[in-house]
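See structure below.
First chain written, first letter: the chains are A, B, C and D, and each begins at residue 1.
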Amino acid sequence: MIIVLRPDAAPEAAQQILERIEAAGLKPLHMPGSERVVLGALGDERVLAELQLESDPRVESVKPILAPYKLVSRELHPHDTIVRIGGMAIGGGRFEVIAGPCAVENREQLRNTAVAVKAAGASGLRAGAYKPRTSPYGFAGHGPAGLKLLREVGDETGLPVITEVMDTADLDIIVNHADALQIGARNMQNFALLRAVGKTRLPVVLKRGMSAKIEELLLAAEYLLAAGNEQVVVVERGIRTFETATRNTLDLNAIPYIKQKTHLPVLVDPSHGTGIRDFVAPMALAAAACGADGLLIEVHENPAVALSDGAQSLYPHQFEALMATLRPVVKAVGREL
Amino acid sequence: MIIVLRPDAAPEAAQQILERIEAAGLKPLHMPGSERVVLGALGDERVLAELQLESDPRVESVKPILAPYKLVSRELHPHDTIVRIGGMAIGGGRFEVIAGPCAVENREQLRNTAVAVKAAGASGLRAGAYKPRTSPYGFAGHGPAGLKLLREVGDETGLPVITEVMDTADLDIIVNHADALQIGARNMQNFALLRAVGKTRLPVVLKRGMSAKIEELLLAAEYLLAAGNEQVVVVERGIRTFETATRNTLDLNAIPYIKQKTHLPVLVDPSHGTGIRDFVAPMALAAAACGADGLLIEVHENPAVALSDGAQSLYPHQFEALMATLRPVVKAVGREL
Amino acid sequence: MIIVLRPDAAPEAAQQILERIEAAGLKPLHMPGSERVVLGALGDERVLAELQLESDPRVESVKPILAPYKLVSRELHPHDTIVRIGGMAIGGGRFEVIAGPCAVENREQLRNTAVAVKAAGASGLRAGAYKPRTSPYGFAGHGPAGLKLLREVGDETGLPVITEVMDTADLDIIVNHADALQIGARNMQNFALLRAVGKTRLPVVLKRGMSAKIEELLLAAEYLLAAGNEQVVVVERGIRTFETATRNTLDLNAIPYIKQKTHLPVLVDPSHGTGIRDFVAPMALAAAACGADGLLIEVHENPAVALSDGAQSLYPHQFEALMATLRPVVKAVGREL
Amino acid sequence: MIIVLRPDAAPEAAQQILERIEAAGLKPLHMPGSERVVLGALGDERVLAELQLESDPRVESVKPILAPYKLVSRELHPHDTIVRIGGMAIGGGRFEVIAGPCAVENREQLRNTAVAVKAAGASGLRAGAYKPRTSPYGFAGHGPAGLKLLREVGDETGLPVITEVMDTADLDIIVNHADALQIGARNMQNFALLRAVGKTRLPVVLKRGMSAKIEELLLAAEYLLAAGNEQVVVVERGIRTFETATRNTLDLNAIPYIKQKTHLPVLVDPSHGTGIRDFVAPMALAAAACGADGLLIEVHENPAVALSDGAQSLYPHQFEALMATLRPVVKAVGREL
């Protein structure tokens, strides 16, 4: 960590701060320049963060040298983690596609959609029983009844099921019905939920918050690992920017960045990433090309009457066409679908 | 609501969609133009939202005419709501200042800070017992022990206490210790929490999410009112933008916008809005000048050793100076401090 | 165009505004609802824009139905435009790669880089003689001397040369030396420059501004076409967002969006789009996968000593490796490299 | 400047880079830590920037210690610069208000508006003869004829006139007609224009680009000072964010930040900063409260028929009311209007 003192800091400030650094068990460094006094503190930066040196009025800025996460870091754990959800192995050589409707609406809708996505080559089923909705008047999911349907359709089709948990109070029942837990974008920094999910032994699909820096996404994953759960997949699903032509801006730069910094696998959700049905397929191909470990895609047997996210849901025939165009791209980058 | 059809929509599309509109009990309108067919649907737009017309592949775009919120809207409820927290009346002619440390650290720190802010003119005390922290290694608050200290210091000083609730599981104990509940920026769209807090009878201080549009903030408030709690104060606390010179970008445009659209009172938090101690006072003055109903300010007896948010916390003497410069500005805009 | 009146607009407001619409030669529509009066104006929306109805204090909002651009629109011109620069045909079935250093530094640097990128399969050479630099103390290019070198190396290697024009005063000399003109991100809305470049007959490579909406990019292209130049290629090069892990956020959503809305070809610049050498290759592959017509890539014979943009410039061997991994991806999406 | 090496950098990398630093005349520092080797380079950071050390593949990151601007910095020039435009003294104890229409439309419109704003207390007149317009079909100003009218009305009313220059080719004629030159948001990084304007002796009003960091605004100002023109006023006029409720997000945090970092005066433009007539007055008051040196406000004799920016232009009676509410706020913060 590098600490820059204000130009008007009294001469004794450097000495006092160096003493605090040393008392914390770190190696202090003194670099007096002509325009600024710069101090260094070498060692575990998480200890340094606790010193809160940026709060000192004599300090102009504090610049970290190391990443603030540790367990998720590739520096400590160089080999790729493979997360297993049912028969899927996310993070190895395969490219896995998880598909399904935004929400469990009814048995027929869910079963028809599941059968269709499986036939087209999906290896996991996603659907929400608890739905976050911007307005209190929107359809918020069927809760426990939806979970039951999801489990049944998962068993019937042999697809592992992934579903969102929004509140610690619902965790027990969801754990009993799902093969993996999704933490949605709006809850990426719901720290109570992260801690509770970290104590379960189910794999976790953690979506990036819509205004979360990648570093914050990795720190959210660190919460899960720090609580004991190492089966974590992170998901790029689009960030909020000034551009309004699409619902979000899919940040594919994040894929190589995440693969470089962490051993955890990463999926891309081009449905939320674009918000527009026509753009899901090209962005799915782009995700495969730049190194993602798989996709999370919304498909509905009839999106025109979907209770939520219909505008970004594919028709089954569109999903089938996507899988067909996806295969050669996945192969071109040396993976298997 | 205005529905624009795609140029390639079949001629019968208009008729079919108009029938859906009519079946939903709304007044349909047909506007065939030379380049696009435009349809209208007049009536309660929340019903229309359920039709999910944007999911129809023959629809190019759907443009709402009315705001998606209702209970918080000034159209239905033209008079200002006044929220009472202890002796404070937020939203009337007074300008109220709530101050205190980021977190309850210990009895002495809390009491000294509380005594200082009260002496300087604050009328409410804020401090967290449960702290959201980006890293799992940060200080996360003392929980129940912190709540107890907060209640005691509140009683001792006569200041009503406002504290954050982060999880539905903690709600009962917090309700028993606090005079008002704060919902933090990261939980603005924690809908399970909004519903649970809406069922309490404590006033709520709802902070804008760091990437929330104002409309989404008002919809989050709508959750609270829809659940039965009308004592809601919204807070502008800075949004996330490309600018890195400050921690957030304080969006003061939001103040006159919110005052125009809703009857709920609005506070400004210049501490999080800037993240930098030196800029808290000017932004507090700006907030008073543009119509805010009060401030939420972080003050610590010794910010240089604060366990969190020290860099944006004022020293007691700085808070006192701020209150002195604030009074003439508040008076200049016709309010009382 | 849809015009929504304020709830407090006087009854005669609708009539007066409808008369203005009719007087402008458009078809007026009146839709009185219970909560708002909505007016419609069908016809050429560019005429309507001139009415500036949003300025009327009785108007709450104005919602356009049609895109504000016309000449660049695929609605009027459904077939893909192919832009020819030397032997390149951008926008047809081929995938074209333009590569070269950020700036012309000296003959040896330029020639070595050009020879290397040609050998690896690039079909165009890019390099700047006039460089926009954030600081007045940065290297701003060699101007006319740089142009001369660029022309010579282009002729020697047989690569067409693309170079940036920053000021109308430099246009004549650049036109005499280049095969295509680049308008940089910072000048995307330099309207005097757009008009002047539109009057030349050289192909134009127009980069998206770092905070430009796609619609604004297409309107900037519309300036060029309106001035008579139809040989326009647009470039996605990353937008400015809150994310600081990469220099910009490459917005690949823009590719299918642009291909849907306009007949003009589109390139991707993953060098500026990421700002980081290691991420150029994966983003180049992603661009190919999602439908871009080619790439603009920075390559330098020795980036470690480059005078500008070295951190995002590829070494020649990295560019060669990129071209090798690119070929199967380009082929997988049905194009030729 | 602090240079962090990659964990995999060879041991000799540090030595080689330290030699480059020393050869550039700077003081090198070596800080070998357990996880990273950190190097320091003390001295003039502008020299260091030329080393482009971030381009070296062995370097992980480069962290500047000092600001990249110098002439505009308050560190070198602690006293406030006062910029004089006609009778105005911007940057001293006074609070100056420049008002007028977006564009010169005709003599009557300009004269009526000028007379009205002068009567209400404005001390400068703004109006454009050359207008940047997003669409090529918008009104782009009357050019030289507009300049002539502006000069005449300025002389008639005794108000100094400020007008925008968009192209180096127009500079001579504008210099002959105006009292101060405005560089608009879209041209903040038109470096050819900055250099040319820097060579004139007219005061310059430099607007922040809509996605410019404050540091970039100050570097644009540095271009002007480096070219010899020290009469520079910078303007906060709103930045582009995800929020669509207002045209831009007025970043008032920038005001105390700019006042801390530079000796140049700063104005606020609440018209562009909000884009909505109703919010101009509250944001004008906020600007005065937080330390701005004055305002730039759009006023039109009849905004409902304005050829541009009508929706954000005040009616003369609204401007008069604003000035009345502004006076006590300006006085409350110890200034004079």
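By definition in this document, a contact is a pair of C-beta atoms (placed from the backbone, for glycine too) under 8 Å apart; a residue touches a chain by one contact, two chains touch by 3 or more.
None of the values given here were measured: they were computed from a predicted structure.
Peer 1: What is the set of chains touching both chain A and chain D?
Peer 2: In this structure, the chains that contact chain D and also chain A are B, C.
Peer 1: More C-beta contacts across B-C or across A-C?
Peer 2: Output for the comparison: A-C.
Peer 1: At what distance in angstrom does the C-alpha mean of chain B lie from that of chain A?
Peer 2: 26
Peer 1: Rounded to a whole Å, what is the gap between the Cα centroids of chain B and chain C?
Peer 2: 39
Peer 1: Hey, how far is the Cα centre of chain A from the one of chain C, in Å?
Peer 2: 31
Peer 1: Which chain A residues touch at least two other chains?
Peer 2: 211, 240-242, 244
Peer 1: Quick one: in the complex, what on chain B touches chain C?
Peer 2: That would be residues 2, 4, 7, 27, 29, 31, 33-36, 38, 40, 42-43, 63, 65-66, 75, 211, 240-242, 244 of chain B.
Peer 1: Across the complex, what residues on chain B touch chain A?
Peer 2: 46, 49-50, 52, 54-57, 68-69, 132-140, 166-170, 186-187, 189-195, 209-211, 216, 219, 222-223, 226-227, 240, 277, 303-308, 310-311, 313
Peer 1: Could you please specify the touching residues of chain D with respect to chain B in the complex?
Peer 2: Residue positions touching the partner: 211, 213-215, 239, 241-246, 249-257, 260, 273-274, 278-279, 282-283, 285-291, 325, 328-329, 331-333.
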